[in-house]
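Chain lettering (A, B, C and D) follows the sequence in which the chains are written, and residue indices restart at 1 in each chain.
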Amino acid sequence: MQSVTPDLTTRVGNVLLKNPVMSASGTFGYGLEFMPFYDISRLGAVIVKGLSLLPTPGNPPGRIVETPAGMLNAIGLQNIGVERFVNDVAPRLEDAGAVYVANIYGRTIEEYEAVARRLSDLPALAAIEVNASCPNVKEGGIAFGSSPEGLSGLTRRVRAVTGKPLWVKLSPNVSDIGAIARAAEEAGADAVTLINTIVGMAVDPRTRRPMLSNVTGGLSGPAVKPVALRMVWEACKAVKIPVIGIGGIQSPGDALEFLLVGAAAVQVGTANFRNPNACVEIVDGIRDFFVREKIFRLDDYRGKLLLREK
Amino acid sequence: MQSVTPDLTTRVGNVLLKNPVMSASGTFGYGLEFMPFYDISRLGAVIVKGLSLLPTPGNPPGRIVETPAGMLNAIGLQNIGVERFVNDVAPRLEDAGAVYVANIYGRTIEEYEAVARRLSDLPALAAIEVNASCPNVKEGGIAFGSSPEGLSGLTRRVRAVTGKPLWVKLSPNVSDIGAIARAAEEAGADAVTLINTIVGMAVDPRTRRPMLSNVTGGLSGPAVKPVALRMVWEACKAVKIPVIGIGGIQSPGDALEFLLVGAAAVQVGTANFRNPNACVEIVDGIRDFFVREKIFRLDDYRGKLLLREK
Amino acid sequence: MPHGNPRFVHGKILHNTGSGIFYRMEVAVPERIDFVPGQFAMVSGWPGNDPLLPRPLAIFRSGGVRGKAAVEFVYKVVGRGTALLSGLHAGDPIALTLPLGHGFEFPAGDRSWWLVGGGVGFSSVFPAAAALEEERADFEIFLGARTRDQLPPGEWIPGGAVAGRVHLCTDDGTAGFFGTVAAALRDRIDRRKSSGPSRVAILACGPHEMLKAIAEFALPLDIRVQVSLESSMACGFGVCWGCVTAIRDGEKSGYRRICKEGPVFDAREVVW
Amino acid sequence: MPHGNPRFVHGKILHNTGSGIFYRMEVAVPERIDFVPGQFAMVSGWPGNDPLLPRPLAIFRSGGVRGKAAVEFVYKVVGRGTALLSGLHAGDPIALTLPLGHGFEFPAGDRSWWLVGGGVGFSSVFPAAAALEEERADFEIFLGARTRDQLPPGEWIPGGAVAGRVHLCTDDGTAGFFGTVAAALRDRIDRRKSSGPSRVAILACGPHEMLKAIAEFALPLDIRVQVSLESSMACGFGVCWGCVTAIRDGEKSGYRRICKEGPVFDAREVVW
C-alpha cells in the first residue's frame, strides 16, 4: 500500500505556505546563513532578523545567558538596516527560492512606517511582521505592544502605508492576550504572531551583577512552551484572523501541539541554535506523523483539540 | 581562625524570621509531612496548602504534567478546610516548634473574610497569606488578583477583619507587576509574595486532548525562575513593604539571586518534590556562602545588586 | 507489616543491567530500608532539570545492614526518565525517597493468595510473593504480557518458576495461557469452584484495564481484591495532591492520593 | 587555508578519557572534516533541555576518510556542560556543528611564529603548531598554567616537547618559567632584540587577561598578534548575535560576532 503524501499547505490570510513551519525572527539570521545546512526554500517561510530604518549596533556584550531549559537574550536588535536588506539580502533570498517575511521595528511609529514603506518595494516579500514586543530596547515596540490602545495605533499606521500582508507580533507580557490580539485584528492586521520572549532576569550571586548588560532580557526556548501554547490557544479563541504560534517549539510534537490548539502555522526560534536542521526536521516529522495517523490534510488536524463537554 | 555564624534573621513587616527560607504553599502539604525528613522548626516559616472555608475536593485527575524544567499543576486547591486546620493541624505545627503561615483563598470576598477571621483565633499563627492568584479554580482569586482595582478591594476587605500580618500573593499573569504590588501596599498589605504560577497548557498531539483535566494549569519550577526574578526585582522597586520572592528556587544560589535583587525572604516550592530536604539545604547553603564570602548579616547582602551607572 | 517513615537518601548504583526488556538496578544506600510489598521509591538519577521530577518505582528487594545496605528495582524503559536511568553505570549517584505509600495488606487468616502482575507490574507483586513464601503461605502467581519476551526471566520469580504455582499468560499465545491474565484468572476460578472462591484474595498490579477487568469479575464473587494503581507523580509523599484517584468510601468519598493513601487500594473503593 | 562550510552531524564517541585536568574526546563522524586551526565546533551530547545550548570547543584534530573519519577535542571541566561531556562513554551519540568561525591566518612570508596557549587555550594553538610543523615553518610554543599539573601532557605537543621550542610557564613556579606566559614572552622578546621583533607573529588563545597583556606589550613593538576570543554562545554560526565583542576598524567599527568574524581577531582591532 502506498501512502499518500499529506497536504501540509496552509494559508496565513492570503499568503499560501507550502507547509506551516517558519523560522523565527532573530534566530535565523538573514536566512542565508542556513544554506550550508539545507535548502531554505523547503520552509513555509523564512522570517529574517528584525530590521530598523538605520543599521543598529545593539547592546554591549553580556547579551545571552542560559537558564533552565531556556535562555535570556538582550541582543538589542543589532541589524544591518532596511536599505542593505533590500539591496543585498532580499535578492539572494529570492535566488534561493525562499518565501520570506521581514520582521520590523522602529523607535517611533514614523520609523515603523518608513521601514514598512521601503520593504513594500520588494515584490517578492511575502509579508511584513511588525515586532510590537521586543523587550530589549526601549524603542523595541513594547511600549506600543503592551496595551490594546498602543497596539491598535501602531497597527493602523503601518497598515496605512503598505499593501503587504501585515502580521503583528504580540508581547506575552500582558494580562489579557485575547484583548491584545483583538486590538491587532480590529486595527487591520492580517495575522498575529505570538509569543515574543517573556521578560526575565538573571544575576550572579557572587559578583552581585546582572548577567546581561541590559539587566533584563527575553526568555525563550522549551521553558516557555507551556505559556506560549496557552496564549496561542487564547488568541485563537479571541480572533478570526490566523494566529501564528511560537515559543519553545523544538520537535514535530511541539509544533503539532500549537497546530492542534488552532495555530495556522508555527515559527521555530531557539531550537535552531542547538540543531541547525530543526526547522526542516519539524517539517518532515509533521509529515511522518500525518502519514502514520492517516491524516490527509493539515486542515483536518488544525484546531481539532478535543475538550470534554462540561 | 573561627568563623562567626552569619546572622540570617530577616523581618517581614513585624514578623521576625530566623532565616529567609520558607516553604511555598501547595508544595509542602500541611508541613507535618516533612517531619520524617527534618525538623521543620529550622525553616524561616512553613506556609501551608491554601485553605478554604469548607473542605474542597479539587479537580479531577490529570492534575499535573511535567514540562521542560518545570511542571504544570491544576490541583484545584484540594484541602481540608479551615476548621480542620485550626483544630487538627495547627496544634501539631505548634508542637513542632514551627513558625507557620496560613495561605487562604475563597470563592467570594466574603469567604476570604470568613477564613481570615477563623484563622485570627490562632495566637501562634505568624501571618495570613492571601492567595489572590490561583489560576486553577475560577474562584481562586485570579479574578481579584489580575487588576490593581480587584486586588485593592480584596486586600482592604481581608485587612479589615484580621489583626494578623497580611501577606498578599500576587499573580504573574499581568502586564505591570509593579502596579499590582503597589495596589496591595496601598490597601494595607504587610508584604507581597510573588510569583504564583504562570498560566500554561499542554496537549497530547496524538489523542488530541489536553493533558490536564482543567485544560490549563500553573507553571512552576526552574523554568519560571528568570521571570520570577525579574518580577520580584520590579516589585522591590515599586513598593516599600517587604517582598517575598518565589519561583523556581532550587539551590542556595537561586535563593541568593532573589535576596540580591531585594527580596526580604524567599519561598521554595516545586524543588521540595525532587528533594524533600531542599528547604533546609538552602538554609545551610546560604549560611555557607555568607561564611565563605565573609558576609556577616543578611542585611549586608540583601538588595545589594550592583548596576552599572548609565 | 507496619509502614515506616520515608527517608531521602543518596545512593550509589551497584549494577544496572538489562535483561530482555527489563532493567534490574541495585543501589547501595546508607542504611537498611524496611518496606511493605507494594511500597515504592521516588527515583532521580540525572543531572539538570529536564526531566524535572523523580520517577516512582516499586521497591523490588531490600537487604543488607548499615554500611552494606542495598535496594533493588526492576523497570522497563518507556520514556525519558526510564531511558536516562538505563544509561546509568555502576558507581553513578542516584537520589531516592523511600519507602513510600501504603503497600499490600496481608490480614491473618487461612486463605489462598493469587498474585497478579501485568507487564512490569510484577515488580510490586514479586515482593509480596517473597513475603508469602517466607511465611509458607499458599500462593499462586499470574503473569501477563503481550508476548513471551515481555515476561520476566523465570529466575526472578520468588521461589522459582514452580509448575502449577506460576501461570504465564500472553496476548499472542507465545507462552502459557493464550489470552489476558484476567481471562486466565477467571479460568482458574471456574476450575476451583468446589473449594469456594471466598477463601481467595487477589493482589494485582498492572495496566489500569487489567485491574478493572479483574475487579469486575472478582468483586461480585466476593473475592477480596487489592490493586496497586499508577499515576503521574510530582512528590510521591503526599504533599502536592497531584496523583489522586476517585475513591468511594461512604462519607469519606473523594479524591485520594495514590502516593499516600495508595498505591494499593481495596478494589471495592476504586471508582473504575 | 580556505574556511569551509559548516555541517551539522551526528557523531559517536570513540573514546573520552581524562588525563590530569583535561579530557580528550575522539568522535567518529560521517565524513572527513577539514578545518583551519582556531576553528571550533558546537557540541551537545546530553539528553533533555537543561543545559539547553551546545558548547563551543576548538577542533583539536581531524582525520580519516568517509566512513572512518573522526574529530578530536580537548576540554577541561568547568561547569555543567563540560561535566556532562566528561560523563559520556564510548559509543554514546553526540551532535556537532562544525567547522565554525574564522581561524588563524598564516600569511606567506619568512617569519617566526610564537604560539601561546593559556590554560586549555592550547587546544586551538596546537592545531596551528601541527600545521606549521607540516610546513616546516619556524615556531615556538608558550604554555601557561596555574600549576604544573594544569599543563597539558608533553606527548600532546605537536612535534613533541622539543627543548628550546617549548616554553612552559607556571604561576607558582612548579614547572618552567616562574610567572605568567605574557611575562615569559616579554622575556623572550628581550633576548631576541638583535634579530628584530618584527619578524615574529604571535597566535594566542587563553584567558582574556592574558591576551590583553600580550597585546599591550607586543602591539607597540609592531608584532602582529592574532588572538582567539571566547564568549558565551547560543548558536555558534552567526545567527543569534549573542556572542559579540567590540571591534575597532575605522568606518566598520562595531560589535562583531566572535563565532563568525572570530573567534580569531587581529589584536589591533579588539577593543580591550
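Worth pointing out:
Definition applied: a residue touches a chain if its C-beta (ideal position, glycine included) is under 8 Å from a C-beta of that chain, and two chains touch if they have at least 3 such contacts.
On a predicted model such as this, the values are computed, not experimentally measured, just so you know.
Ranking B-C and A-C by contacting C-beta pairs places B-C first.
Most remote chain with respect to chain A, judged by CA-atom centres, is C. Chain B and chain C have CA centres that are 36 Å apart. Each chain gets a centre from the mean of its Cα atoms; for chain A and chain B, those two points are 34 Å apart. Centre to centre, using the average C-alpha position, chain A and chain C are separated by 47 Å.
Remark: chain C and chain D have CA centroids separated by 54 Å (rounded to whole angstrom). Residue positions of chain B with contacts to 2 or more other chains are 67-70, 221-223. Across the assembly, chain D contributes 48-51 as residues in contact with two or more other chains.
Shown here, the protein chains touch in all possible pairs.
Those residues of chain D lying in contact with chain A across their complex are 5-8, 44, 48-54, 95, 97, 231-246, 254-255. If you check the complex, the residues on chain C that touch chain D are 46-51, 80, 83-84, 89.
Chain A contributes residues 67-70, 72, 146-147, 173-175, 198-203, 205-210, 213, 215-217, 219, 221-227, 229-230, 233, 248, 253, 256-257, 260-261, 289, 293, 304-308 to its touches with chain B in the complex.
For chain B in complex with chain D, the touching residues are 68-69, 222.
If you check the complex, the residues on chain B that touch chain C are 26-29, 33-34, 36-37, 49, 57-58, 60-61, 63-71, 73, 75, 78, 221-223, 250, 270, 272-277.
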